[in-house]
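The two complexes that follow have subunit A in common; it is paired with subunit B in the first and with subunit C in the second.
And now, the complex of A and B:
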């Protein structure tokens, strides 16, 4: 089977790259092993929350020029990053995903732990605050679904009360959700969202919220609405009239993240892209600095060929990188990985300190070609969190690196062929 | 200072909430004494909770130390009766590998039998049939009545029974100083770590059951007990690789015991002398991990492909013999010191040395001494009276009594709490909601622990319920449980700090083995807790009202 481009990895990076290439008329294939980081998304996209030295960032586009040379943004190029950042809202809007926020400004989201955290753009329903001192309402009703433990109302109330709001927490019982508890492990955000996608169930939920409501001006709800049926989210906002409705992310799985994943995948497939899910690339033939073909578990001996290949396989969690006691390797192509030799240099003994291993990944040249045995592989490109050079968690740059490097790779591939 | 008329509030104050302290509290309370136990952390946090969880048959000591071996097998048989819900009768093999001397086996079996341990030579092929995970190259095997024991459950059951008999238990209470009246120790000054207050308590006898920390406690009293801290590191694997305890049939050495327990198994230990001032911060080094793995794989090659969940270390309280000023002559047995006779300090007793296996006997000796001094003539009943949790005749009936539906969380709670699981509310669907999916811990069980089992924080809760002890090491359950604690304690900020501390504590056992699945899992944990939730270590120290930035 022959494609213009084969993309390994079907998460945010792989899908953005695939959609961009399809738009340019390429024939592409995405091979995805299944879950991606979007499944445990915060519901927001980070661009650059702070510099590698910890300095908070207000305007991420401006800050990019001060990043070190090996940072993915530096490799992509400051001008390119600015252009992609400016395009992001429109790109997602065209995919049916509404983002709020501005390209050149960071704002704050309220986390499930009730903490205000810097972020860049938010998916749809999430409120973004201009500062971490901004009250979202005077009197706030925080509503949970009875028995749902992944939405911690006490934490959220404490965070909001610190800013001077008055909070009241309540939990409503919905009969249609009760059966989920027959098997207790089913009380997860996505399973709840599937039931609430039925308008009549969400209507019942709205009625319960109205009954619980006193004089509150603002209502905080868990982000468990609109997994596939976006209109239920709109109906909540319109039914609750002049009260401000704010959705706050739950613990994973992330309903807005999965909705975005599904939406991007559907746009990709509608534009003619092939999406193979549940398969893993386990063979690759590399000769003279070029990938000749790859193979997968399901395809067995049949090889897949393309003019160019994109490695968007993620980091450790997605198995784009694999750690052994004495080394870290990239399992598909055996690419050169930037990381210290000694295990003790991989981690900090304090969990919430900067963990160095998060920044490990494949090094690339300016054309995002990764290296194998010291030589760049010229028809292979790397995008997303498999890249080295940034600590996406510490700096808060995971989504930005994924989106912008994917857009850059798509441009590089199509420019090369023109 | 010295008030003239001081009321003796207690007969006995016990310092230390490990197995020995808890067992002593129980024994004293059962003999009618008025007991107070103080523990500076949670119960079972020292060496009690940091070992293999091996219910020794005594075979390990048979060749080198007959006395210890005899004590072990006696206590082994007692615990199988009185603490059934804490014990699993797995049996054990002592395996001879091609590199070992098969000649040792005969001497080993003979020594076991002399100590009263039922040791049977088993054909290697038969041994491999019974325990397929064992190294297929073995040239010899001996079967002994080893088992596994849950040290926390055992300590907890002793505490529960002590309380039932009137004892008062104060966890998170640390000894500040002793109170003397002339040559008699009469009380303790104690710091309450939760409230920050210092209080005084008085008693006729004060027992130092502080394990390795007992040396420091004795020093406060003006007595010298020479102790040598020996660090032992262990690894927990994510599966129960073996069902029968695996030992090496040779002189005791590093990493030669593999013990199954619940859904996991544990290999250990290393043995390194450490300075006394480091005993509060035991960390496992990469070299120790490598040694444990390479030696462990000789017992069961399967360990090479089994995920390691955690590494941890405990400190053994080795005590120098009083008659040996060089301190080189270490006693491995029980050491009961009557400081009145030894140092002229009336009312002060130290119980140390020994092993988890002999905690009950240590408690018996200590209580006997106190009773003798008080002129009380009551026999010890702890060798025959079952502990709470093990009183029902048939464990299998308990879950049936609790619920007609045999749901997993109910079954799991019976495993953890024995017949006390009947007190856990599983009356509605909410109580059955799962907090921890790896370990099947329900909302009802968490509520029971918070209400009844002295839970101050998530780590306490983990010890009592296994929340956060499964393969994910607390990914979602920690946050869920923190939410329940926030409600119960009515303080979300403390609960959030506690969550950060809990995740950090889990990481302490993970980073020495942070590769493969453990590193993957940790990346996910970081994405969730640092990324999605925005938790930081600073958050736990700084006032959360302080704005993060100084913009305009």
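And now, the complex of A and C:
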């Protein structure tokens, strides 16, 4: 089977790359083993929250020029990063995903633990604060769903009260959700969201919130609405009209993240892209610095061919990189991976310290071609968290690297063919 | 550390990271509160069951065995297999007469074919439906698939067998119960198409029901017997005659390839790679340049394609859709990934009827909004369900090919 481009991995970077190439009229295929990091994300996109040395970043576009040479943003190029950052909002808007935030300015999101954390853009549900001292309201009602433990109202109240707001917490009981409580480990954001996707259940929730409301000007709710039925989220905002409604991310899994994944996939497929979910690329034929064909578990001995290939297989979490006790490798092509030889240099035993393994990944040349045995593979491109050179967790640059490298690869592929 | 690497069971249940992603994609969860969901019914429950079988929960019967959870799981846990294996191992519920009738597709089929005109009109009668509903607990809203008055096998013996040895290439056809008893036309279309592509079509010589309905109704010993028998026939075909085995039903294909080893413990490893779904097989031939398709010029139809759950699990839907897209003049719409709700015999049961229709609703709504000339799918039970729940006709991709191909010109091109 033959395509213009085959993309390995259907997370944020694979989908952004696929949608961009489809827009340019290419025939593309995405193969994705399982679900992606978006399922577990905060619902906010990070661009560059702090420099590798820990300095906080206010204007990420400006800060890019001060990054070291091997950083993915340096490889993509400062001008390109600025252009892609400027395009991101429109790109997602066209995919039906509304983002709030500005390209050249970091803001703050409220974490499930009630603290403010720097980020770049947020999926529509979430409001961003201009500073980490900003009061989101004077009197705040924090509403949880009875029995839901991944949304800790006490922590959130403490965080908001430290900034001078007055908070009151309450939990509402929804009969339709009671069956989940038989097993507390089923009271998770996604399971709750599936039930609340029924408008009549969300209507009951709204009625309970209205009943609990006193003189509060602001209502804080867990982000468990609109998994597949986006309109329930809008209905909450419109029914509680005169009060400010603020959604705060829950502990993973992430309802807005999954919604975004589903939405991007649907846009990709409707633009004519083929998406194979639940299949794994397990074979690759590379000869003379170029990929000849690949194969998958489900395709068996039928090979897949393309003019160009994109590796967007993610990091350890998605098995784009694999760690064994004695080595770290990239499993599809056996590409060169940037990482120290000694296991003891991979991680710190202090869990909350900066963990070096997060920055491991495949090395590329300026054209985002990864290396195999020291030579760049010329019809292969790498995008997203499989790239080396940045610590996405420490620097807060995960989504930015994924989106901008994907857009860059799409441009490189189509420019090459023109 | 070595222990961690080596201690992984075949179904991968210890790989579960408790992310609940499976639950997002399970079609039963939002419509049936009695069902604990894939994570709980699968890996979580398995930990308890491994301690003591009393932790088995009969509500696992609500699982459709659609495997959507497995397709979604980022950790490769075979959730559906865990659930079905638990039912096999622990369920005390013995199949009722109704379940046995629904499950015994070949036995009931062979009796019904003889009496087809009577059976068809009888099962359509209101009072009979009421008895089926009340006594047998087969939902009265169900239209029963009609039984054909002559089996596919008897058509084949009379009209096709003699000419099959004359072709250059050969394959064995696993037609399944549905083609044999309910819808011989699909088998006839398959023979026509494969003959035009230069392939002689042979029967396996006594195939038994793949066993999917036996598995879901808890009749495991019968399922195992069928599986062992069929694998014997596959070996005879693949190893001795060198004929690959090709099936038109996506569920039969999935069952004989994956459920035999995973659920029934019947080893098919020597033949598995030579068992194909028809569209995968035909696409493979085109891809390797071994056959040419010559289409009629005037086949302008609006097709909406539905991927059956088991085809999604096989990962082969792309072959069916690619074939449909090859047909000149076809307007193609891909329906969103959504279970139709029937899941074999599940939706026939009174206690499941409402759930079954609720699961399929988004699919039916989408089909109605597209209003295609024909809905195409590779699964026979999806066909019943969609035809019962929408006003649209459903066809198999092979039957579409049989109509869209210029069979004579194709035969000439492949001689």
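In this text, the second predicted complex is superposed on the first by the 415 of 418 C-alpha atoms of A that agree within 3 Å, B and C clash if a C-alpha of one lies under 4 Å from a C-alpha of the other, contacts with A are read in each partner's own complex, and residues count from 1 in each chain.
Everything below uses one rule, namely that contacts are C-beta pairs under 8 Å (C-beta built on N, C-alpha and C of every residue); 3 or more make two chains touch, one makes a residue touch a chain.
All values reported here derive from a predicted model rather than from experimental measurement.
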item	value
Contacts of A:252 with subunit B and subunit C, given as first, second, both or neither	both
Touched partner set for A:210, first subunit B, second subunit C, both or neither	neither
First, second, both or neither for A:416, with subunit B first and subunit C second	neither
Contacts of A:114 with subunit B and subunit C, given as first, second, both or neither	first
More subunit A residues in contact [subunit B versus subunit C]	B
Which of subunit B and subunit C A:90 touches, first, second, both or neither	neither
Subunit B versus subunit C as contact partner of A:325, first or second or both or neither	both
First (subunit B), second (subunit C), both or neither touched by A:266	second
Contacts of A:139 with subunit B and subunit C, given as first, second, both or neither	neither
Doubly contacted residues of subunit A, that is, touched by subunit B and again by subunit C	40, 182, 185, 252, 324-325
Footprint of subunit A on subunit B - complex, ascending	283, 286, 289-290, 409, 429-430, 432-435, 437, 442-443, 476, 479-480, 482-484, 486-487, 492-493, 495-496, 499-500, 503-504, 506-508, 511, 514-516, 519-520, 522-537, 539, 544-545, 547-549, 551
Residue ranges of subunit A in contact with subunit B within the complex	37, 40-42, 56, 58, 111-117, 131-133, 146-147, 149-150, 152-155, 157-159, 162, 178, 181-182, 184-185, 187, 249, 251-252, 254, 315-317, 319, 322-325, 343-344, 346-347, 349-353, 355, 357-358, 393, 396, 398
Residues of subunit A that touch subunit C when the two form their complex	1, 33-36, 39-40, 176, 179, 182-183, 185-186, 188-191, 194-195, 197-198, 227, 252-253, 258, 266, 269, 274, 276-279, 296-302, 318, 324-325
Subunit C - residues contacting subunit A, complex	1-2, 5, 18-21, 23-24, 29-30, 33-34, 36-37, 39-40, 44, 70-76, 273, 283-284, 287, 312-316, 318, 322, 334, 336
